[in-house]
């Protein structure tokens, strides 16, 4: 079985890089094939990269609080592009200001994300989730 | 590398021509009338001029707070600035939002409408270009004591500073490295230098007419964790560019990483070397407004109130011991999101308590550890500055560009593609930051030896290699109330 | 003054006879069986022995927190102690309530009943005598790491320490000056010395059998604001009394008044002189467990969260710079009332953050200001100690009694009628505490001159006399985030 | 008109002295005749001193949180002793723990105190109140 391929990056006009760098490296060390888009990545670029690389999952970061705006309609665009089956994860500081994480979680799940992570969340835990989800889909 | 950009003062006529396309970017651009703006600036009281306020802090032996703050609506930004004034914060930032930073003004207009309608906060900063000169003056006029400083992005710099200065702001972080290295992926340093040269020249235009606008020079903002000397050397390079375009006031920013000996050493060495290089290159009439100590991103992640207070309180104590004119601290809500007004108030009240109590004592300390760190820092900063001037043949712009290309200046964890990213830092046993990988840095051999020994010392003490995992643990150490990272 | 009390070790048989009426004061007294108690103490782990814990802090270069805490019901006191343990607080106080302090045990029983019934908190501390040995052992056993120390009153000392030590507590503030000077109006110092001699002898009894119980010597707790040297000299006198009765471990308490140079000087000088006088008088086998820095009552009155955090955080930083083994800090609720559990947790979390970060750096500082303050403090402490030994003809008890009578030792704002109250303190411009009125203190003329100059300096700077109003303003200065008091 | 006489002190088993000392001195400087009982003063001693000195007011301090207990029935005892007309003031930390001052104020007013002051209250303000209250009674 080949290694699963994942796309990482920070979405929208967001320049926070450290989280996505650490996440990418951890994924690589865990045996994933990682396509690292870095910061300031338009949603469309995630889709294109997923298509080009036959990705199994997209792991988006968003720290600057305006992520909700950036990913409006993202799931729909994925489906239109034929990426029905790609797992969508997002993590970071997902709203402006102090807020309850559960609210953000609900919002982003509604927007079509399979899993949503709070700031400073443990990368190892996320990778374990990813493996489990891929397994459930018969992909790992 | 072929570049036509030079560190040479722009001719005034030429500069004025460059302004046209900038002011046309959005209708508010045409609200800027330079002659009127100079007059407006001149009638502002001293208490709103950054340079004069910083000198006042110096004369009175005080350390003030320069926070980070910005919010979407003008009314809210005014309330916030007044709150800051009430909290005795005289240096007031106007952090712009991320859409403004990308020149998406129509989008901002839409969001502002929605915010007014729904009452929700959907912008992470103040959209000063959409508001324009006249409206933004309401902000400047809303306080009695307070010098404003916009926080911008590469793309927005030219128009945003035109509007900011015309509206009465008196300082800006116009330094080519800051946006390029920390906020951009594809933009080149050369582009950033060109943009900043415009801003510096604008400052020079005001200076020629007697209006002093200061630049707080942040240098190459480091996203990773490494000794601050690349950063500090580039703050000096920044200053030289400002000076060449006619700027008269430099605010020397010194980023703190949390080890007192090292932080105090950097605070001591930087303004001294800054003065030396300015003088050497003929900018004797450029003044140093003061030293602004600044918390670097050490990631105080979600944690309880207790630690959240301790971290900025610690920074305040170090700045006060270092007798800086100001300090930038985070709020207790830093890890959670854009801070609330209450969180600003509490954070600065707490820090101000410490700043007053410690500065009032005029406590003088000597420390062999500070002396040692100062010697190391001085050697490193000189190595970088001298290499810049050498490969640039005296031209600091050409020199910086070449140094980045060659990795003579470098940083880890950079989001920008131009950066070599061949260096790595790590803490030593006492929490001082060391170089673990030197990449192509032009450091003297004895300095490298010093760092190697310090890293080896910690490796021995902890019985493990100082690898990538150790580095990531070090990132989070302060958030966990620890000086250095420990394996979980 | 005629006294029969001498600083001479009590004969064991005589001492054992003295115990009977003490143990009869309340039924729980008879739960104390010294032989069984020694065995119980011996099986306690090192992590519950005060002296060993303090030495461990020293060896590991750490500063721990010793808070103040006490609450009415055993269950609540256990919960509180566990919370403290969770907050990494290894030195755990058991502050007794004010009725216990007056031996009103029946009243306490009634109040405990009412508390259980109504759920209201009607006691300001833990009534350890009513609970007795067996119940109180449940408290000691409720934590894994933690040495307990009861906080008592003159009247309750004998019975309360009998019960405390038998229950497994391993330190106590058994110092004749503390209760007499800060808590009593009519009681005489001689009475207090007699009571404490009993406690010291009890400690000596345990020591002879290999159980080390430490005394944290607070000396003459000052209710007013004056240089700490009377206090520090009397902590040394305390220690000599403990040593004579066979105590083997002294915890040197140093009260901080808020000026770093002075506080660090006191931290440096006190244990050195303590060692010197102990050795000189032949108590070479007595060990110093460590230095415990302590916030003196500087009245952080109702104020917002920000300042409330800054004050104890500042104390933590000073203690850490002074490398003390522990520090006693107030909680953020100090001015409001007996702190809640949450307030304890937050306060110590914050302080511990700073203690870890600062101590971990092993930061060494020199300061001419500290040196100067140390020289002044040393001269004053020596003047007091030498006068004590002189007028007591080598007997520290007789000497102290005479010195108080003559005003050679004195304090302002004392509630006790025996105190002359002829001295007055005031802050100088840098926030250091000076003598404004020397009363009858036996200070060298050059030292007096030093203080006079410092006070004159401030008078000149502020253009006003340093009178009673100025003193009251100084009291409140820290609460207002100021180093010294200013006229409103 | 002679200077009004007032009794000060800290009631019950409470040893906090600084507040009552500062208050006493301020009263003296304001022209009052002050009988200063100091700390650890039983309620009965306040009554006796008021009788002995024909006092116009008693200004009690209580810091340690258990004042409520100490002054149970105090007003009644004053009346029994014939001190119907003596003003009763109390100030300090009046309950154990963090609490709303208004609660403490209500409790102590119910117990018969004319005025109740929170910690760190301004002595000058209290003295002005005292003058006003005495004036209302035709005593100053």
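Letters A, B, C and D name the chains as they come in the text, with residue numbers starting at 1 for each one.
As a working rule, a contact is a pair of C-beta atoms (placed from the backbone, for glycine too) under 8 Å apart; a residue touches a chain by one contact, two chains touch by 3 or more.
The structure presented is a predicted model; accordingly, all values stated were derived computationally and were not measured.
What is the graph distance from chain A to chain C, where chains are linked when they touch?
Tracing touching chains, the least step count from chain A to chain C comes to 2.
Report the chain whose mean Cα position is at the greatest distance from that of chain D.
If we average the C-alpha coordinates per chain, A ends up farthest from chain D.
What is the distance in Å between the mean C-alpha positions of chain B and chain D?
57
Would you kindly tell me how far, in whole Å, the mean C-alpha position of chain D lies from that of chain A?
Those two chain centres are 68 Å apart.
Starting from the mean Cα coordinates of chain A and chain B, work out the distance between those two points in Å.
The mean C-alpha positions of chain A and chain B differ by 31 Å.
Mind checking the centre-to-centre distance between chain B and chain C? Centres are C-alpha means, answer in whole Å.
Those two chain centres are 46 Å apart.
Among line, ring, star, complete and other, which best matches the way these chains touch?
line
Every touching chain pair, please?
A-B, B-C, C-D
Flag every residue of chain B that touches chain A in the complex, lowest number first.
Counting only chain B, the residues touching chain A are 98-99, 101-102, 104, 111, 121-124, 182-186, 223-224, 297, 299, 301-302, 333, 335-340, 343, 413-415, 417, 468, 472, 475-476, 479.
Which stretch or stretches of chain B touch chain C in the complex?
Contact set of chain B toward chain C: 258-261, 304-307, 309-311, 313-314, 317, 345-354, 356-358, 360-369, 430-432, 478, 481-484.
Enumerate the contact residues on chain A facing chain B in the complex.
Residues 12-15, 17-18, 21-22, 25, 38-40, 64-66, 69, 93, 95-99, 118-120.
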